[in-house]
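Structures are listed in the sections that come next.
Two complexes follow with chain A in common, the first pairing it with chain B and the second with chain C.
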Partner chain A sequence: MASWGEASQSRLIGKRIARLSGKDKVTGKAKYTFDINRPEMLYGRILRSEVAHANVTDLDLTRAEALPGVKAVIPLTEVGRKLRYQGQEIAAVAAETDDIAKDALRLIYVELEELPFVVTEADAMAEGAPQIRDDWKGNQSNPGINEDGDVDAAFSEAAVTVEATYHTPVQTHVCLETHGHVVEWTDENNLTVWASTQAVFGVRNDLARRFELPANQVRVITEHMGGGFGSKFNAGVEGLAAVRLSRMTERPVKLMLTRKAEHLVAGNRPSMTQHVKAGATRDGRLIAYDMRGYGTGGISSGAGFNAPYVYHVPNRRTERFNVAVNAGNQRAMRAPGHPQGAFAMDSLMDELAEKLGMNPLEFRRINDSSEVRQAQYTLGAQEIGWHRRNNVPGSGTGVKKRGMGVGSGLWGGGGGRGTQARVTINADGTVEAVTGTQDIGTGIRTVIAIIVAEELGLAPTDISVKVGDSGPGLPSGGSGGSQTTASVAPVIKTAAAAAKQKLFEHVAPLLQAPVDDLRIGTGKIYVASDRTKTVTWKQATGQLGQESISEGGNWDQELRQGGVAGTQFAEVEVDTQTGHVKVLKIVAVQDCGLAINRLTTESQINGGVIMGLGQALLEERIMDPQTGRMLNANLEDYKVPGTFEIPEIKSIVFDTHRKVTGVGEPPCIPTLGAIANAVHNAIGVRIRELPITPDKILTALAEKKA
Partner chain B sequence: MDKFSYVNATSLKQVTSLLSDSGWGEVMMIAGGTDLLSELKEYIETPKTLINLKTLPGMDSITADASGLKIGALATVADIAMHPTIQHHYTVLAQAAASVATPQIRNVGTLGGNLCQRPRCWYYRDETVNCLKKGGDICYAIDGLSKYHAIFGGDPVYIVHPSDIAPALIALNASLRIAGPEGEKTLKVEEFFTLPAANPFRENVLEPNEIVVEVQVPQPKPDTKSFYLKAREKGAPDFALASVAGVFEMMGKTCQAANVVLGGVAPAPWRSAEAETALTGKMINEAVSMNAGAEAVKDAEPMNDNAYKVTLAQNLISRTAMMAVS
Partner chain C sequence: MSEKEKKQETNISRRSFLKGVGTGTVAATVAPAILVSDAETAEAQTDGAVSTAKIQLNINEKLYEIEVEARTTLLTVLRDGIDTGGNNVDLTGAKLICDRGECGGCTVLVDGKAVYACMMLAMDTQGKQITTVEGIANGDNLHPVQEAFIKHDAMMCGFCTPGFIVSSVALLNENKKPTSAEIKDGLSGNTCRCGTYPFIFDAVETASEKM
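So, the complex of A and B:
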């Protein structure tokens, strides 16, 4: 049975190893799609709707076409069509310079008949609201209703009940590198695309289908990628426009989204509103749960969330629906549905525990069936110093009050089939590992090098890893669902093992030993039964002569496993005069199976915590009911955490087994509830609506006082 | 941004004569450009000519002597924040400058630019919204989203003045020197800023052909304590939800004279005579400082989303007064 071996036997796997591309990234040598420039390249730009809802009544591109330096203008809508949100595409241009392209956009004549719009959930659900989707009745989807157990009976047995409404606003992805492509037709039938994507092969197949090309005539390259978080799986309107512009002009075209467009149209995490009632027994068993909830994914649906979440409730009824508004579509965003669900559930758990007069951690222990999380609660509580929390919320003295909270999460991350890889050993001793996955910043390049190096007795820097290129024709899936490592690692491992086996066959005659008596040492091959018989790596590969060894692998399911548990503890300090919340420390205990690279696993956890912190304290898409516009489609008023917001983060890689599991998404889940509960513990008032900004704190404190 | 011609300034005379050829917006001045460039990129401003002030000689100096401080309008925000004399004797000013934006912006943003910067209002900064400040009919913040807007002096435009340095200068009784085609004049920084009732389109009294040349600050009395407190949602970069510049002449725990100026709450830096009166001649303690805060906000007129600023301004004033005795 295949295995990753014992920890004590591992030279590299499970250790802390700096990412191979780190130096290139820090020095700017790493080239992102944004950095790619091709000879004769044109610059693409997209004209977008500035109104939330309108009919297109006239569209005239001629003035833009006539501007010197403009090489092509294409419509992306047509007369008679509807524009249904700010940012929707109207036309695209390609020009000699980016400045000319910008000027050209302003010369496009578009006449609109403006229509009534709704941009908030409340307005969309109000009586008499304008209908904004043709396929729905009103602006609400048909509800999905689920019921288990006997909810009404359970409520009558409950000793305490809590009824509350929780809300999380729309959050945008804020990819540091905006969406976009550099497109080049190398000849009439061959297309090369540098894409900022999470799915090199996904984009290849997308483009091949839409432009009716054989898939192997489309090459997609993503050497480095500046963040996707679930929003970058397809070529998108902007990618297709770039390919069309490039084909028309027979010139390469670069088309990257502006920061404003990135907020408006490149996806977002849907909002969530939950009206919940829950009940527990005197001895702390959560027995009844009734939830009616909704969210908006903009003009599209898909605003799902997990409710109830993590904790077991035997009797539960849930009703959920989508609300349509005139705003850009949601897309998958880091653990879709989970952070929203976790915030509501963990807040609810604390409210119930308070009513029961029970320590919220004890209340969780009673209702959490995960043995892993039970162990994590113990470890996390110890790390944060849970005994220091206020037994009575808000009982601290002074202007700045401290408090602690806890939150939980779960995820899958077991990977899937569909990755092909090749590990090549050359006669000069060089080793190459190639697969069509992509390193979206999570460190899979380094993970691959570690696995191959471990197998072959080399250093990670000895391995030349080629990812992010569909050219070699070795497909891999998109990097989503925390699936990359668990999908790729088993294939790399078995490919490296196969290559090693082939090398043993070449070396066995030299060492005068049977193949199965050979072993890899550090930089050498030796005979297990007679350790004096050894050859260096170079001597061994020298046996290959004019040949190379090149082996594929297979997705051995024994090497991976899905399902992780996590818990986080937060300590905060709330300035009761300014309403400012400072997070002092987060302890993140994250189960993730075998951490192939402990250092980048910790980085993943750090990143998740920071993203969760942003959602808890700062981030919100602000839509203006008056103008139908997003008022903060920038990074001034759409606030993401900066250096001053980052607390001490204790990322604990919680080892549970030695099979590979993805961990990209889960660490962003428990942070919201942990922080919200810590704020309540600090000041004794509960903020049920994220983000927890100073205005909400000050208002809540004033209400408490009154 | 639209095309413009770019002229390097050689003298104040040349600058004011270039400016005087037109009204607002045709010819504009650029120094650090940290505000203007974003206005150009968003098509909020579309000048035909930009005058580069960075080529004016000697206008970036900071000199300090017993009579006070002289800061050229081209001195950077970072120069002010890190100047040892300013840190020591004009603490409120150094603290205000240090609270501005980010190191990169402080390194290029200038004193003159900081005082003359335009509002951050999200309606004003949106090209497609023709708000009252830009010549339209209404201030959208009135019925719109007003979390970051004014609680004092708004009518009819409810922007807040974004400068951190201006409240500090007013609290220090500073003056500024303005050059125009007819020569120079000096006026108090406090008189420089105007409310929208007087002029909804501008935030100060500068004429289209005038330029801020220098700021002069009298040296505070030896027993003066001064502080700048800035509340914001994010550590940096972020503009103030509310801020306060407090300058207190102390004798022991007694406040002999107080200057209290709020930022981020009104279309101009908002001097609180009520807070000053409540503190002057008093032994500063918790009750007195709380009362000063309460007095300062008693006439506040919060909008739909910004009642929290009333509490915030009140608390910041109390806190800064208490800092004078701690």
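So, the complex of A and C:
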């Protein structure tokens, strides 16, 4: 049975190992798609709608085409078509410089007949609102209704009930490298594309299909990429436009989105509004739950969220639907549906506990069936100093009041089939590992190197890892769902083991020992029954002569497992005069299966916590109901966490077993509820709408006084 | 000039568009609107008669002769510039992320001071010493800040990393032993979406001990 071996036996796996791409990243050598400069390359730009809803009545590209330096202009809409949100594509240009491309956009003539629009959920759902989707009555999808147990009977049994409305707004991904591509037709039938993507093979297949090319004639390269968070799985309108522009001009084209377009059209996390009622027994059993909720994913659907979440409720009814607005479409965003669901559930749990006069942690323990999280509650409470928490919310004295809160989350992970990889050992002792996954920033290169190095008795830096290229024809899935490591690691491990086996066969005659008596030591191969018999790694590979060993692997199910649990504790300080919330400390206890590289795992947990903090306190897409435009489509008014917002973060890698699972998404989930509950614990009033901004705090405090 | 062109001439400025929006009753309006692009620069030269000038820039102790427009930013020269010999400058370490001084991804040193290259006109940097992230290491010897970033894993996707490296170097050049509050202050002009801040703070602290 395949296994990762005992922790005590591991030389590298589970240790803190610096990432292999570190040197390239700190010296500026790492080339991202945005950095690719090709000979004769043109710059592409896209003209986008500035109105939320309109009919295209005229489109004239001739003046733009005539501008010196402009090489091609293509329409991305046509007269008679509708534009349905700000940012929707109208036309694209390719020009000698980016500045000329900018100028050319100004020379495109567009006439639009503006149509009534709605950009907020409230406006969309209002009586008499303009109908913006033909297929949805009142801009609402048909509700999905689920019922389990006997909800009404359970409510009549409940000792306490809470009824509340929780809301989280639309959040955008804010990938620092915007979406985009550099496209080059190497000849009539062969396309090379540098893509800022989290799915190299996904983009390859997408482009091959759209341009009717054999898949092996499209090569997609993503050596490094500047963030995706779920928004970068396809070539997108901009990718297809770049390919067309390049085809027309017979020159390479770079087309990267602007920061503004990135906010408008490159995906977002849908909003959530939940009207929820829940009931618990005197002894703290959550027994009844009734929720009606909705969200907007823009003009599309997909505004799902988890409710109830984490804690089991035997009697529950849920009704949920999508609301359409004239705004860019949602895309998967780090743990889709979970953070917003967790915020509502964790707030609700605290409200119930308060009514019961129970410690919210105790109330959770009663209703949480996960043994892992039970252990995490204990550890996290110790780490944050839960005993210091205000017994009575808001009971601290002074202008700045402190409080603590807890939140929980879960995730799947566990990987999937479909990755092919090769591990090659060359006669000169060099080792290569190749697979078609991509490094979205989590450090999969280093993980691969660690696994191969562990198996072969080498150092991670001895392994040359090639990912992010469809060229070698070794597919792997997209980096989403926290699946990358658990999809890739078992294949790499079995490939490395197979290569090792082959090497043993070559070395056995030299050591005059049977193959199954050979073992790998650090930088050597030795005979288990007679340890005096050894050869160095170089001597061993020298046996290969003109050959190389090159082996594939398989996705051995024994090496991976799905399902993780997480808990976070927050301590905050609220300035009751300014309304400012300062997060002092977050303790994140995150189950992640086997952490191949503890250092990069901690990085991911830190990153998740910080993204959750942004959602809790700062981030919100603000739409103007008057103009139909996004008011904060930049990095100043759309506020992501900066240095001043960062608390002390204690990221605890809580490995419960030795099978790989994945950790990219789960650590961003419990943060919101933990912070919201801590704010309540500090000031005694509850903010049920994110982000928790100073105005909301001051208003709530004023209402409490009144 | 055709009717259409005239209309365009009169409607293309950003100001008049905004004015138009401001006076409309919006949601109920069904009227033709002229659309303008989202270009954020000032009035562009759309007649094709672009005037350029040859300038010399000292970047990482190397002289580059480059032809630029008045509007060309230092960042454009670094990333997309082609020198008069036809060679790409190709210093793409500094990143274009927000293009308006909000993120620090394009940070470089100009005469030792950290500046946003997207906010500086190339012309204004003539006669100054420009150092990009590519010029921070001494040949193969990494700067202590770079070493510390690697050791502490102060990066994930790494797209913000060059900006943070340069800002950290600038900070430590001015303040050899910054407190943790001073580190946060010194790096407050840089944004990281992956959330690598805690390890960046650790790295700067480690580097400060080494310098």
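In the analysis below, the second predicted complex is superposed on the first by the 706 of 706 C-alpha atoms of A that agree within 3 Å, B and C clash if a C-alpha of one lies under 4 Å from a C-alpha of the other, contacts with A are read in each partner's own complex, and residues count from 1 in each chain.
Throughout what follows, a contact is a pair of C-beta atoms (placed from the backbone, for glycine too) under 8 Å apart; a residue touches a chain by one contact, two chains touch by 3 or more.
Here the structure is a predicted model, which means the values were calculated and not measured.
Asks: Using the touch definition from the top, say if A:382 reaches chain B (first), chain C (second), both or neither.
Replies: Touch status of A:382: no partner.
Asks: Using the superposition on chain A described above, determine whether A:642 touches chain B (first), chain C (second), both, or neither.
Replies: both
Asks: Report for A:226: first if it touches chain B alone, second if chain C alone, otherwise both or neither.
Replies: After superposition on chain A, A:226 lies in contact with chain C alone.
Asks: Answer with first, second, both or neither: which of chain B and chain C does A:580 touch in the superposed model?
Replies: Only chain B is touched by A:580; chain C is not.
Asks: Who does A:3 touch here: chain B (first), chain C (second), both, or neither?
Replies: In the superposed model, A:3 contacts neither chain B nor chain C.
Asks: Pick one for A:626: touches chain B only (first), chain C only (second), both, or neither.
Replies: In the superposition, A:626 contacts both chain B and chain C.
Asks: Touch test for A:107: chain B only (first), chain C only (second), both, or neither?
Replies: second
Asks: Where does A:50 make contact in the superposed view: on chain B (first), on chain C (second), on both, or on neither?
Replies: It touches chain B and chain C both.
Asks: On chain A, which partner's contacts cover more residues, chain B's or chain C's?
Replies: C
Asks: Taking the superposition as given, does A:522 touch the first partner, chain B, the second, chain C, both, or neither?
Replies: After superposing on A, A:522 lies clear of both chain B and chain C.
Asks: Starting from the residues of chain A touching chain B, keep only those that also touch chain C in the other complex, and list them.
Replies: On chain A, the overlap between the chain B and chain C contacts is residues 50, 103, 625-627, 636, 641-644.
Asks: Looking at the complex, which residues from chain B come into contact with chain A?
Replies: Listed in rising order, the residues of chain B that touch chain A are 2, 120, 122-123, 126, 128-129, 140, 143-145, 147-148, 231, 233-238, 241, 305-309, 311-312, 315-316, 318-319.
Asks: Spell out the part of chain A that touches chain C in their complex, as residue ranges.
Replies: Of all residues in chain A, those touching chain C are 18-19, 21-23, 25-32, 34-35, 37, 43, 47-51, 54, 57-58, 60, 63, 67-69, 90, 97-99, 102-103, 105-118, 130, 174-178, 224-227, 229, 258-261, 440-443, 599-600, 602-604, 606-611, 625-628, 634-636, 640-644, 646, 649.
Asks: Which of the residues in chain A end up touching chain B in this complex?
Replies: My answer: residues 50, 103, 577-580, 618, 622, 624-627, 629, 631-632, 636-637, 639, 641-645, 693-696, 698-699, 702.
Asks: If you look only at chain C, which of its residues touch chain A in the complex?
Replies: Against chain A, chain C makes touches at 4-5, 8, 12, 17, 21, 26-41, 44-46, 48, 69, 71-72, 76, 79-80, 88, 90-100, 102-103, 105, 132-134, 136-137, 142, 145-146, 149-151, 153, 155-162, 165, 183-185, 187-188, 190-199, 201.
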